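Got some structures for you, see below.
Shared between the two complexes below is subunit A, which pairs with subunit B and subunit C, respectively.
Now for the complex of A and B:
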């Protein structure tokens, strides 16, 4: 901070007085106090001297020839701008009219004749204190403005970096609607969405404790891990494990991230939900208009060590036309003029009374704005409409160069046994290996879906012997996934084998993929016939596999299956 | 000292001005001639506003210089100017001039006394 003039109490005082004897007397008095004195005999001289010398204080006679003290005071105040230059009028306190006039002209105090040296000294001191106080206030105001400018610049930079990480998301998809402030990042809100190679959509709504840069910092690694793992085909549980471990490691104690992770699978019509600490989301069923609450059943991310962290998801069947609604705390905490919050009850009433589901999202938005009195931007909200539109653009991973790229003639076999099946998802690994073959890359989505179907059939129905008939209704669904988790944790025998073979074929080539399991097999012909029924829910996805692969044949005993993908040179 | 000059104010002025004390007295006396000229001019033109302003300024100087009677006469003239009642001002101004003549004599002797005291 620059040293203020007059810090030692000595300043330059401008004295405007037309009586020569009075002027001489007052100038001597002020000089004896240690100050530098400039004298003027009228208002015009005073203004000129002020401009030239910028004195810190003015003693001004009211009645002067050429220009009177009132006009001179107005001009000096204007020239001084934001700086406080106190003006003490030299006039008698008995003249009410003149007092009013001098205050209106910007006078700060009065001194009456005959001059009293002690009162003059006290008044100059008091005015000088006031002047320095004002100067300090201005300094600090400017300092705060500079700091605020820095902060905004930093936020812009952070936001730009963050946008680079998140630009790959699919929040712009036709079936998604969302509400989020452009600076939600600095309220700690995070909203991410991306497709897996197999076409499932992953959505993450997060709410970090705190505000500002500290709240935004955790968002970077979360977004990065979410996108890269989703693009490689990892499951929600695997992604949650990674996010939790990462946040537990980097966030200070007491900071964490409430979050909901969704996996929306429109092909198999499945919704997986994990909610740790966010308000309940809602699944609105198109069939009966009822709502399924997607309530929090876990602690937020970044609280527990990974060995105590539970990644199990709730699974719900989906139908085309169902809607999934997620919201952050900010939505329920929107407050009105009397400090009352919007709250869960109001939201539930709104949901219950909504008779036009397509307008639900807009209705909530309007209700929040009406309640708050103006647009509110501290809340995040998202709605997904389950549709059977094909997904237009799946993310293509950029793979590094390796010897396999040009290699067209190889085979590999893998056998994954019980201890591995319990905790390891081989699909991302297998997919990455197959993506080394250039001709297969345009079909990564189909390939992943087929791999995923074959693997879950082999593991769930084969190795673990789960009955797909359970998945006929919503209750059966839950039961199926309960049994799946239980049997998987108790697994101590069995295997799933993959045989991959790449065969060159002219300029193109073929992938021969065979999957075998240690299960008891099933009646292939019967199952195929049953799955022709268009209403069948769940099942082994055999129709889907046949549609996506170029060839597929099940072994008669149902313990093995062979599929084939072909490509041409131009692909 | 007398009803014409306030001795407490004069000794305070002397204290403040030091060596410059006689110069202050001279300055006042020279300025007072000009002030009286302005008062006469205003009264001659029956300009109440000018009379009021001139009387006001002179009143301030007189009170600073410790001349209470002179200051009081200025106040009467200022008051008359404010009311626009210039009747009787002529007599008042003459009274003021007499009082100034007395003050002038007293200041001159004060000046004399100061210079002798110093030498």
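Now for the complex of A and C:
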């Protein structure tokens, strides 16, 4: 950007005129107005002087020897580049064509002989005003470009930091497909996925109100809490509580996060869904091709105080081959040339008419692109295929140093009673404790699964007396979880006990784990037989426990169970 | 987008009418509608009969109004919602916070 000269109204004026008398006359007139004057006797001289002195305005005779005014004007305009250097043609030519020619060569105005000092002054003033306007526009344009450059750099850096925080996610898993713009973060969209130690997958799709930095800022603590709590085995409800409290605390009133949190449990074939403010997701059943709507039943995160916040999830049975589809409202709001939005109806039609579920995701993507006319980057979408492939890489948790690290010989007992069972999930706490034993760490996933199964059996069938036979079909399934929530909230008696014993054995060791409950017990042999039935929706628990633990025995009355995990030296 | 506010005859209720798109561009006007009133109305009524669009920042503005009007003690009704607008309020479960008629 060249320095702005002549802001006080005085500028340098280049005068190109081959007639010495006219040149002298004009030079005097211009100098009398207070401007500095440079004179040239032909076009070539004028161009050379322009390059040397960069005057702010040019008075140019049209017809001159060596190089005429038209050519000189063209060259000067080229040299001036983006800066506006007004050229006023001096002419005795009154024919229209010559005037047109001078404008085409880059002239901005013309002045006819004989020269009138008043008109000359007025024209210089007007042209100078125009020149300054142009200079201001350029300056502001450059400023905006610079700011935008900074902003993009900042976003890149912020995105890199964010990616570091979220690197542990499992969005890359083979059964997940997703669509998200690299700058989605700055559109307020957030997509997170991670495995629990027991192998359930948690997925969070979030959409903050607003755009840009404010929206992105909220995403950081959400991602952080989501990952650390999932890795420690917390339940969706507990994670939601934490996220809601966090966002309520940090976000200004009026800002919130619409979100869906999923827990996909392929071992127990369960889908838990909490949707607060996002468009309905869909669960496509492989058996009949029907869709279950995963509709929003809650206020978004960050609106309510935690005591009014409802974390209850909808629970659906899953089968291998089922698909879960989540989308942000950006998908439904994709608009076409006439401003019409894609909308829910189009999506539903697409879902209904899809006869090749494996291509569903791509079909939606294509439909959006066709509708919009080009790829759209303000929409986030995710599909999970329920598969029974073993999970390849569970996250390894990082454990801090602690005094228990080498401690291999201890026992502990816990009794959790009704008031505690209502609101506290003891599993992360117990797992954390057991992970102090180095030999157990490689088996954290199996251990967590077994703990979780034992605990939910003790609580649901033991303490609360729920009948797993209810889970025969999808309707009974929902009924089961409805009853579970209800009985839990009304619980006023009962207990679940955990006895943990670590027994050293040479360089290795054993964990003896016993779980007891206050329930009435059950007919162990019958139940084990029943669970062999492959068609049973519920009750995979006992088989799973037997498979994962090294030893496993139920008390005959069904009110207690003992399991054992062993490890060898060097584990 | 036009936003106008009118106090009921007894001064107890402030009626805010939103016309056109209710989105971020309405932010300042919507705030002015309830902040620049020389009265302390007991109730608020947001008339959305002429609002043809509502986005998440509008939801945010409604939360701001709710906060201004006393948070959990606020008495705010959203009236005459068109189906599209109603749908968005329903997805966000705003009927838990506002009376929607």
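A few notes on this one:
Following the convention adopted for this analysis, the second predicted complex is superposed on the first by the 565 of 571 C-alpha atoms of A that agree within 3 Å, B and C clash if a C-alpha of one lies under 4 Å from a C-alpha of the other, contacts with A are read in each partner's own complex, and residues count from 1 in each chain.
Going forward, contacts are C-beta pairs under 8 Å (C-beta built on N, C-alpha and C of every residue); 3 or more make two chains touch, one makes a residue touch a chain.
Just so it is clear, the structure is predicted and the values come from calculations on it, not from any experiment.
On the superposed subunit A, the two partners subunit B and subunit C both fit, without a clash. When the two structures are aligned on the shared chain, A:276 is found in touch with subunit C, with no touch to subunit B.
Of the two partner chains placed by the overlay, only subunit B lies in contact with A:63; subunit C stays clear of it. When the two structures are aligned on the shared chain, A:516 is found in touch with neither subunit B nor subunit C. Contact with subunit B, but none with subunit C, is seen for A:117 once the two complexes are overlaid on the shared chain. Once the two complexes are overlaid on the shared chain, A:21 sits against subunit B while remaining clear of subunit C.
Contacts of A:436 after superposition on the shared chain: neither subunit B nor subunit C is touched. Between subunit B and subunit C, an angle of 80 degrees opens at the CA centre of subunit A in the superposed model, to the nearest 10.
No C-alpha atom of subunit B lies closer than 59 Å to one of subunit C in the superposed arrangement.
Residue ranges of subunit A in contact with subunit B, taken from their complex: 18-22, 24-25, 28-29, 32, 61, 63, 90, 92, 113-115, 117. Across the complex, subunit A meets subunit C through its residues 207, 209-210, 253-256, 258, 276-280, 295-300, 303, 329. Contacts from subunit C toward subunit A in the complex involve residues 24, 56-57, 59-61, 63-64, 67, 90-94, 96-97.
Subunit B makes touch with subunit A in their complex at residues 9, 12-13, 16-17, 20, 23-24, 27-28, 30-31, 53, 56-61, 63-66.
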